[in-house]
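Next come two complexes built around chain A: one with chain B, the other with chain C.
== the complex of A and B ==
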């Protein structure tokens, strides 16, 4: 296992290096255009580009970039991003990460138990009216895009009923009741789709397990229905479900562009897209590095988690 | 058993941590949310993009000025003029007075600097200006502001290591400070040789390369003092030095994060920044150190105690917040225009923005992008472009696609003034009116008067347009550029694909399809939507990557002669392939003699044939505003506008009018738009409710307010 993990980490670093190098060269190959509006001196814009070293050969820029990251941990400053000109990109990202992570963590904490419980209930009532009701709701929430859910949540809960604020509150005191309450509309909007997904997945897995031979044997041995479900069926059904939760949990770092926009969440959701459209190299590279790292880490964690969840799965053993 | 117990303890600890995390925290309000208080007047607003850089030396766009406007003060400023009627004080429509603000005196001291050192001639005036400051100017921390602070700020503005974006404001255009360009380019190392220096603690001198006349004959301030001399940057020396950032590895450019957060911001205006969260919220509150609080002239102004601005990118969210009384003003989106345009709380703001349909000017790129069975080159025929212009029902377009904008026909609208001092709008001049009549083939004699003729212009003549389509088609066919079966396919480029851009596109597409009916191109014309150009849409259009876009210009509303640059200089113009350096024009200019020197004598004239760019350069060079009288410059502006319009690369379509709703909570000083002061802004705004009263009022209304 140890050797496997070390090998995976080494491969991940190699992949990381290749991906980042590719990203750097590709983004630098895009034409760098001087945009001067009426009355602005295009010469200044060009002079800034030259002084930043953006007209140097890409290889020279690459070496300087690597030196800057490795020896100075300097990810640079925003140049073109409308809201972050002159701001340190790492600082901006770190400042904006907590709201995104929190909203998605709350959403996961909310969605996982409800989704799994609904899935279990639906599986146990298979083909009953309860199952049909749950399945119909699941189909609705899986099909409806999250921004539609978000608008409905905002309009009904926040605007019409006035139970919750229309937008997330300001400030960095994230663990206050006021802030938590202001996050709820975004949390609910993100949760409905996840609840539906988990319910559907759990129902499918559990239904399959419940009809398997070993469960019939367990019943024949005299185990009660709840003992059969909780001790045997659910445990086995969880094998594919838990890695999917872990994967989603890690993916939440990227945030949700639409949800963050609707509820004015000061998160990272819009950063990546804006960095690309604004051709803000330092932001783009830092975000690429972060998400590449998270993606590779997720892959390793999910693979390793299989072994812990199901003892029958052992890496590297024949 | 022990295992079970430890599990229980873990669960209890987790729940306790979460509950404690939320409920255990102090009940204080989160930043941005203030408990409503009696006697406190808050202006709550929103922005779709958060400002990031309100540094006077480097700010990029209007978005950054939203904080700058409140934390700075001008040297000179406009004031409303009031009239008293039955004890009621009302703002006089379109009148203003000009006052000293941070400055107390402005003197033409040119004669003190005559000589080679500064390049000032013996009898020259308007070249050197001494500005004397108030002696009670302070930064928000109480530090005194002196003339040397202005000098330091200008030195940093022109610092060649930073290559600041706003540096060109002081060496390019009308305001040219002696030696500024050389210092910025690094050719001159000593700032002492730049025409910007302190003469004592409270006074500094600005030496110009081109004269400026900032005082009226009676010695009072001209509007030009505010227009040209109000933008001298001012940064707080110690904070600015601390905010400097060394070049990163691989770069030689110094940068600064001055005025980009609460800690790096220093105010010398009526408000100071008390809270800032990037991308989310900022709060400004009264700056007790501002000189104006003790000045009688400002009595009754700045009733607003706090300005709270949230970043809300989604219009629907902002709209709901407005209806719930959480923000105090909002623009009316076209989707709700029919319900709210007639509201008592609605007001309409004219704007100098003229929106146009831009047509590709490069025949070469049109040809290059043609494919089998599809022609584009027909767009290179002026008859076809004119047909597209006359095939546009501009009124219908603006009704369908804008909230309250009006049909646009010329490069300038009612907000462009060729003589600001006299309040003369370009579009109201005979010259400006004749241009439109000639461009849209309206015969003045058919209407009895020029005014009637102009009022009759619709810019929409399907019959003539269809005839022009056929003419262009025949020409293209004769040239072998289009066959009997070829279709004309033009690409409509856009930065984004959203409801608004789609609506605009669909409208143009439908109008031009109607135009083609009954012509040789009936059922053979296609306009294709393409939003793949993103932020590079303008550059892509100029480089010939597609055929049609919608774009316009705003700015320089008080200098239409200069504004022509946007349409004539290929560096800015959308019709970048149109060679204005070789397009010649024969014209007779009055007010200048045969050598082209300004005499301002109506009997003198200068007749010549030269390129449009040469005429433009003269108009904004030796015949520039301040040298040649505005009435002599006017005919040349008009003839250049006509030359541009009759190329039909730019088809003006919209004169911007923004429709907005004002909250019941407050009012502007006037709703008659003043070209200098608008509606007076927060400076003159008054409140009907303080924060507590407003909160109670909202509770009584059951949450949402009705603004219909």
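== the complex of A and C ==
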């Protein structure tokens, strides 16, 4: 197991390194656009760029970039976005992280229990009308794109009924009631798809387990139905579900660009979008590294957690 | 001698078997019909619509959807009208339009009056195609004559008597009122109230009626120098009126915009548009949503089908080689696809777009979908090849001297067909979803003059979600139907090709 984990992590780092290197060279091959801020001399702006070494040969820049990240954790500074000019990229990123993470954590907290309960319910009522209802709803919510759900939430809950604010409030007080309330539309929009996903997954796993032989045995032993389900079936059904929840918890960090845009969440997604449109390459590099890292991490954690949760899977011993 | 038994039943092949199973799945059959309908819509909607994607009209923007069928049935639904409750002065403003031109801004001239203590309020359906009423236009003398010839040929009144400039309304020097060609009636200035009876900040205009309760016009009286020679004149025109006022470039005239629109499109442009009628309404730029949606859908389908086909081809070959040869080739190829699959799609498309510039965004999008898309197909095919390459019948074939190519194509590949088809079909809605998301976010902009995409439509409509929700309704509905039917169809295919997988997502 340990060897497997080490190998897996090493491979992930290799992938990460190759991706980021390619990314770096591709970015540096682009012409560097510098917009002087208001009242700033274009020559001074250019001189600052030269002083940062952005006009050196790409290989030199590459070595310097890696050295700065490794030894000083310096991901560069903002160049083109007016509000972040001269600010450290990492600092701005950390500042933007909380809303994104909070919204996604809330939506996961909301979606996981509901989704799993729905899945269990429809598996127990298999082929009954409840099951058909849940399955149909699941199909609809899995298919309907998240932005359409967001439009519906925004139109019905926020506008027609007026229960919630239309967009997320600005400000950095994330744990006040007002901010929490203004986050809810985004949380709901994100949740519907996840609820449907979890319900479908749970139902599929549980129905499979419920028809297995050892459950027949458990019933034959005289266990009640609830004992059967809770003690025997659910435990086994959960083995593939839990890793996917863990993976989702990690993947939520990267958030949803579209939901953040619709509800004007001041999060990482918006930062990424503005960084692209204003061609701020240091931001772009940093955020690319972040998204790639999150993706790889989620993959590793899923694989490893399978091994921990389900002793039947001995990935390490081939 | 033993008699050879004769089979009476016809043999059932793989595809026929799958088709029988597929037919039994009602939801999938319905879904495939819907898909057919959506594809037909995307093909034919832009073709048969008189409008084009580049069409736009500054006056007819934010018009409500109007279905001629519902209009002729007289239903208060999908008729291009909006239910309004308005105070007296706005009500008379709209009422006067119908009285002058016979084109009723108030649908069917039906309204309900509510008397409250602070004034009267009116509830009616406001026709968004007629509420523009009359506008002032600056024309050259040639155009002016052309309209008059059109009037005489068709008998449709486009030009209306111009109002006399010194009688045009003005309150506190507000130029909006003076430029509004719909004040053709005598008025008095009063302090207005809104529909809740609260006093308005601005003063408003209330018509002054004659003894019979009719509007009294403020038309410019006949000077003889207006260059109007058309036989068409306003009904009951006893003293003649002036129809134009000369200005630097030609004349300033007062036209009914609806009639002018008909004239302009059928007589000047001759572009097949006879009347403003927008089935799905118009956008904030005055574009026809129906045509734009059709065109966007066409682009989405085109992109998704091409991507799916190319991914199938590349992924299939790659996966087949990986799975069949195994060993070091497999190891290296797996590493390559592992690394590629770890690259977030968003980064690929951003980099490509930055490098390829704004001109070839469709190509950039296509490459991005290809770079990340073929891997899942390759994985599927690889798995199937791994599973089947060492079966006895394959070994038997090899012993008989079959070459690798033949074994791969004839003996192993058919086992992968089911998963390949299912995978390709299910990748289509995913591609369309990504494409619309990206164009919604503005990361790619496929919106050129003659082409648009659903994501762009959605992005443009989103700011008006609360005021003009219909703008977002049709594109959103379209994409929902599309995703749902493709998912159902794909699931049906999977169950049909691989019944053992049924119920496992």
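One rule holds in what follows: the second predicted complex is superposed on the first by the 273 of 318 C-alpha atoms of A that agree within 3 Å, B and C clash if a C-alpha of one lies under 4 Å from a C-alpha of the other, contacts with A are read in each partner's own complex, and residues count from 1 in each chain.
Quick note on the criterion: a residue touches a chain if its C-beta (ideal position, glycine included) is under 8 Å from a C-beta of that chain, and two chains touch if they have at least 3 such contacts.
All figures in this text were calculated on a predicted structure; none of them were measured in a lab.
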item	value
First, second, both or neither for A:155, with chain B first and chain C second	both
Partner, of chain C and chain B, that touches more residues belonging to chain A	B
Touching partner for A:261 - first (chain B), second (chain C), both, neither	both
Which of chain B and chain C A:277 touches, first, second, both or neither	both
First (chain B), second (chain C), both or neither touched by A:84	first
Partner chain(s) touched by A:23 [first = chain B, second = chain C, both, neither]	second
First, second, both or neither for A:101, with chain B first and chain C second	neither
First (chain B), second (chain C), both or neither touched by A:302	neither
Partner chain(s) touched by A:92 [first = chain B, second = chain C, both, neither]	first
Footprint overlap on chain A, comparing chain B with chain C	151, 154-155, 159, 166, 261-262, 277, 279
Chain A residues touching chain C - in the complex, by the definition given at the top	11-12, 14-16, 18-19, 23, 26-27, 29-30, 139-140, 142-145, 147-148, 151, 154-155, 159, 166, 200-201, 204, 207-208, 254, 257-258, 261-262, 272-273, 276-277, 279, 284, 288, 291-292, 295-296, 299
For the chain B and chain A complex, residues of the former touching the latter	21-23, 25-27, 29-33, 49-53, 55, 58, 60-61, 63, 163-165, 167-168, 172-173, 245, 247-253, 255-257, 260, 275, 277-281, 310-314, 316-317, 320-321, 323-324, 326, 534-536, 538-539, 553, 555-556, 563, 565-566, 571-572, 703-704
Contact set on chain A toward chain B in their complex	33, 35-42, 44-45, 47-48, 51-53, 56, 60-61, 64-65, 67-68, 72, 74, 76-78, 81-87, 92, 95-96, 151, 154-155, 158-160, 162, 166-167, 169-173, 175-180, 182, 261-264, 266, 270, 277-279
Chain C residues touching chain A - in the complex, by the definition given at the top	335, 338-339, 342-344, 346-347, 350-351, 354-355, 429, 433, 436-437, 440-443, 458, 462, 465-466, 469, 472, 476, 479-480, 483-484, 486-488, 503-505
